[in-house]
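There's a structure below that I have some questions on.
The letters A, B, C, D and E name the chains in turn, as written, and every chain counts its residues from 1.
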Amino acid sequence: MVIPGQTPPTNLDEFLEGIWKQNPVFVMVLGLCPALAVTVSAVNALAMGAATTFVLLGSALLVSLMRRIVPREVRIATYIVIIATFVTIVDYLIAAISLELYEALGAFIQLIVVNCMILGRAEAHASKFAPGRALINALGMGIGFSIGLFALGSVREILGAGTLFGVPLFGPDFQPWVVMVLPPGGFFVLGAWLLLFNWWRNRKPAPREPVVAAGEASHG
Amino acid sequence: MAEATLTQIFLATVLANNFVLAMFLGLCPFIGVSGRLNTALPMGAATSFVMLVASLCAYGLNYLVTVFELEFLRLISYIVIIASAVQLVEMVMKKYSPALFRALGIYLPLITTNCAILGVALFQTAREYSLAQALVFALGAGAGFTLALLLMAGLRERLNLAGVPNVVQGTALSLMLAGLLSLAFMGFAGLGAGE
Amino acid sequence: MSEATLQPVTPSAAMIRTLGLVATVCGILLVLTYQNTLEAINANKRVALERAVFKVIPGAHSMKAFHVGKAGLVPEGGAVPAGAVKFYAAYDQAGQLRGLAAEAAAMGYADMVRVLYAYNPAKQAIDGFGVVGHRETPGIGDKIIFDKAFLKNFEALDARLGAAGDALANPIRVVKNGGKQNPWEIDAISGATVTSRAVARGINDSAQKLVPLLAPHLDKLQGGQ
Amino acid sequence: MFPWRKKTFSRGVHPDGNKSTAGSPIRRMPFASRMILPLAQHIGKPAVPLVRAGEEVVRGQPIARANGFLSVPIHAPADGVVESIELKPSARGPWVESIVIRVYEASTQEIRWAEPRDLDALSPKELLQVIQDSGMVGLGGAAFPSHAKMTVPGEFAIHTLIVNGCECEPYLTCDHKLMREHPDDLMQGIRIAMRAIGAGRAIIGVEDNKPDAAAAMRARLPADGAISVEVVPTKYPQGAEKMLIKSLLGIEVPPGKLPMHVGVVVNNVGTLTQLGQILPAGQGLTERVVTVTGPGIKKPGDYWVPIGTPMRTVLEWAGAQDVSEREIILGGPMMGQAVASLEVPVTKAVSGILVFDRRHIEAPASRRSYPCIKCGECVNVCPMGLNPSMLGMLAARREYDLMSSDHHIGECFECGCCTYVCPAHIPLVQQFKVAKAILRERVAAKAPAHESGERFDFGAPPTHGRKPSVHPD
Amino acid sequence: MTQPLRLELRTAPHVVKGTSVERIMFHVVLALLPICAFAVWQYGLSALALMLTVVATCLLTERLFNRLSSTASTLSDWSATITGLLLALTLPPSFPLWMGVVAGFAAIALGKALFGGIGYNVFNPALVGRAFVQAAFPVAITTWVPAQFPGRFSEFVPTTLTAPLMIPPDITAWVKGHVVDGFTGATPLARWKFENQVADFGDMLSGVSAASVGETSALLVLVCGLYLAARRFLDWRIPAAILGSALLLALLFHLFDPTRFPPPYFVLLSGGLVLGAVFMATDMATSPVTPLGVWIYGILIGVTTVMIRYFGGLTEGIMYAILLGNALTPLIDQVTQPRVFGAGKGKKA
């Protein structure tokens, strides 16, 4: 986050923050429920990523626009209503676009409401900055989240079905590892990604503490 | 659609379709609060209680929303009612059972953003459960959540004394443990399906 | 929030004003979305349902949904009588009844297995089958979707009404793979017995209810009224 | 009530007895040319010297006086001259203030400083004073001043004196011999102790591997039936106070409490036998029986050893010529202390000297230590009902407070059963000793040493454990 | 005595019982060998190849993680060997070798190395491996071949040599060609569950039925277990509690409805109940340490096994029951701490 006395972050920094430094999936480990539940395939993962990004952008815009008039006592309630609105919107949009996708994602679209990352962004960023910056940051976060989901979904689809985006990769005789599309596989794949990240961070000579904003790490 | 019996719903929700281990609901508190046994139990109890309240509220709300054909307000009203229910529970508890409040109080705010609670409301709606089914479902969800939390807390407390490699420490270890627990819970698949 | 105590308290009017504003903005957004997507969503749902029904009743061209209960037959949209069962009637291009379809569900290995089956009143048999939704083990349970031998069970699965008219003459049941001897038996998939059982149980439960209720109204459905 | 049920405590272990010295009689060991008498041979405050360098002393003469209640005097073990009062190595390593006596070659066994008295004429209180003056301490190894142990505060009524003749430690046979060879002295000692504590009956507990000792004592039991002999199963640590009380009376002493709380005082047979010997004669404690044995000893046996005899002299006499690359243990193998120097003298606390040679120490020393595999053996054997497995893991993580608050480390009396059975070779007892020492420091730091009314001010007790009340033998 | 003094200074106790982790583990390996030999006699080359592959994978994986964590080799403690042998014994004899490699890797990596190695694992590694491949390859792990089929010492089951990552071929035709009369390709448990046929007592005792590599002869497993228990390398209370509670529960069900529930001996002899109870539930690191806890743990496993078998979707429940027992072990230990000497019963000391 912005630390007084430092040069204010550029737009690029804002954008990259969510993609790398504070990746919601790998660094902050937020929004796990949808991340694990729907990532049985790359398509689902991307769809979920897109839906979440949409909600992030919409709520960031609205929260940022209203940041001066929302009294602090009711700000959380306001944010939740705004987020729920955009989630309902995206819920209807997906149902209108593809019923198949809608059924694949199931109740987890609506559960975006309680994705703490979104509330966290609204509280910690959008409510403090102008719409332009808030949108850039939200877009970065959304893309970062989508990348995280894709990393999960693609591994699970490749191993669990031998395909990527439904395209067979290894020919017809490939034995799928069914466990990967089952719940344990979700835990294992995300766990393995985190292991990889830990290992990568540990092998650097001077490991930097991950920057975690206080307001976001506290609630699940 | 054939009706699932109450026993089936309960068993399936606690074991085979455990909210945490099979449906990935309530993962954040699961990872966050499962470090110690003495916090896991109150957290589980508080969550179960709120789930029951939320399930009851959601049932009534869903009825209203359907009657007045305001489906697009369902999600908003659910999330608002859950947040209010938590507040209400907190106030009632504070007034009538301060001891319980002291034990559970710090967990209640955490519960608002617990997707397992909203999950109970959303799933019972999607599955068109009757009131009795919905309540049993909520009970099962709470019991399943508490069970998973307790198991996880026990394992993590024990692993605190183990030589877990540095790379594995933290969330990665919790996820791997959850995966193994989830693997073990697969044994319950189909339990109660027979008769 | 401890910081709240340090801040000046916002007057209630301002809070209410803001909340009102938020509610208005959100409400407008919601209603707009709802109205603009409603048609598409309903169309999607209808198409999906039709596709499913037409798959289990080949040759069908149009379909209607009904509820049937003790009190009688009610087309979709009307007041649903208590204890009624929903089903779909499918008609060919000429408007002749091709068959009836209903949904069945039962607890399978992992979760509810939901299927759609076609009931042929003329043959008094189930002659179509499709899976609507399941969470069974890939590679085992999902064989119910494509296993040819299993699907063969539903080419003419006996569902005759019993003499009393309140239940099937022979309950539909599953037998071990290769053990089918009677037309009302379903040959289980070897290795996927639990899922096969769920399918049979679901269909049996549904047909036991639906077929007796339907019997008095069959002629009404014929012409595609 | 349940004759088919063995009278014993739960759990415990059965190490090989190795009591090869049990058959032979006790022999006497000659005086060394130089005796070293540490002023702190007992638990409590060190004694205060009464002599100066150059002063002549005779055998039995008090050369140091008790310093307060929890302290005992020291008597000269032989005729000679005080060479110096200086720092000398102790068994545990640190050098301690000791009186060094150069022994006259003509010194004899005669005790020349004694005042025989009629004990029956003394009140219990006077009796306790006489016991303190004799310098008697618990000879089983704890070295807790005997008069202090026999001083019963008013709120307790003692009904039974338990005489500990178990000698559950492997190798040791000194108590066994005393019971067999000096039953009359023992009976005399028991009478004295019973009077001092006001107990109406006394039970001598003997392990069933010493039938001859039990028979010898039974033959000398007084006619009034106040004293009885009970045979208990051979099991380690049968000789721990709390275990023996449980075995004989079926009573468990609550955690953190002393046997007095259940109306019992426990004394070692060695202590009471020697009390019966020296008290009527009005002598001081100048010698004790020591078992000298082990694979590295050529003439193993039990010896009357004058207190203050250097270890080297004892070992030479017993035939351990080459003592390099050996392990020398004071006490039994389960709880004894390895010595750091051969200049260390035999003190009142030394019940045995074990010498293991290279062959015996090499194999265990090279054993590999594993993480705890949770086999649960330690839980199965811990006589105190603790969970050493858990305690060990907590100790490795330095969770000392948790060990104390949740897992009762304070109850551990370091009997060694857990380490004895541990297949992962975890030094559990050592970890617990460290943990208890650290916890004691923490407690001391929290409650600054204000002069409390607590009578049993143990001062800074050596690593014998927080409560000397529970100690084998 | 002029030479420099070298005194050993160690803390008490100075004598030890003389058991060691290696010794215990080695004897477990010894006790497993007859079962392995019997399996090879039953299933021939395929079983042998599978056992060797799985054990080798476990050892290599253990070594790999030793390297990664820069610790000394832990192969000599025999624990990885035990994991490999046990894992192989729970797999079907026709299991493709490449899947055996996956199972072995999962067992050591997920079940053991993750937690820091021997003593720290919270689940039985062999069962973690087995559960992983059960979830990953549900078809292959429920494909059975008849015991003692002719030619088992001269040829592999076709599935054994499946190319890595590929689907094993369908062996229905092959089995028909090698069939011992009446073989249905189902284990006794599956035949009971889906066809309500209780296998012949004698057949089950001698192990002439389709099953995993090592679970065909409950008798042999019991004898090997008795050897270990007699040498005190195994806690007899755990198998006693598991088998006892399973038998009792099965008896109750059988008395309640003999047509629906099989006789108790069937529960005991079919599937991997005895193998699991004797060799896997007794894994020291993953079972409770307290005396009361051990009984609770065993009874829980026994009851869960029977419940899964009778009312669950699976035919066999012992593996999941043990894994769940493992998961419950810390909680069981927590609530069954022994009573501290002298502490009043019931109240906390």
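Worth a mention:
Going forward, a residue touches a chain if its C-beta (ideal position, glycine included) is under 8 Å from a C-beta of that chain, and two chains touch if they have at least 3 such contacts.
Please read all numbers here as calculations on a predicted model, not as lab measurements.
The chains that touch both chain A and chain D are B, E. Note on connectivity: the fewest steps through touching chains from chain C to chain D is 2.
Taking the mean of all protein Cα atoms as the centre, the chain whose own Cα mean lies nearest is E. The greater number of contacting C-beta pairs, out of the two interfaces B-E and D-E, is seen for D-E.
One finds 43 Å separating the Cα centroids of chain C and chain E.
Here the CA centre of chain A is 41 Å from the CA centre of chain E.
The distance from the centre of chain A to the centre of chain B, with each centre set as the mean of the Cα atoms, comes to 22 Å. Centroids built from CA atoms put chain D at 60 Å from chain B. Residues of chain C in contact with at least two other chains: 26, 30, 33-34, 108-110, 137, 139, 194. Counting partner chains per residue, chain A shows two or more touched chains at residues 77, 81, 84-85, 88, 92, 178-179, 182, 184-185, 188. Among all residues of chain E, those that touch two or more other chains are 110, 116-117, 119-120, 132, 135, 138, 313. This structure has the following touching chain pairs: A-B, A-C, A-E, B-C, B-D, B-E, C-E, D-E. Residues of chain B touching chain D in their complex: 160-163. Of all residues in chain C, those touching chain A in their complex are 1, 4, 7, 9-10, 14-15, 18-19, 21-23, 25-26, 29-30, 33-34, 37-38, 40-41, 44-45, 47-48, 133, 137-139. Those residues of chain B whose C-beta lies close enough to touch chain A in the complex are 21-29, 31-33, 72, 74-76, 79-80, 83, 109-110, 113-115, 117-119, 122-123, 126, 166-173, 175-176, 178-180, 182-183, 186. Interface residues of chain D facing chain B in the complex, by the touch rule stated above, are 371, 393-394, 396-397.
Of all the residues in chain E, the ones that touch chain D in their complex are 1, 3-17, 19-24, 77, 116-120, 235, 284-291, 294, 333, 337-344, 349.
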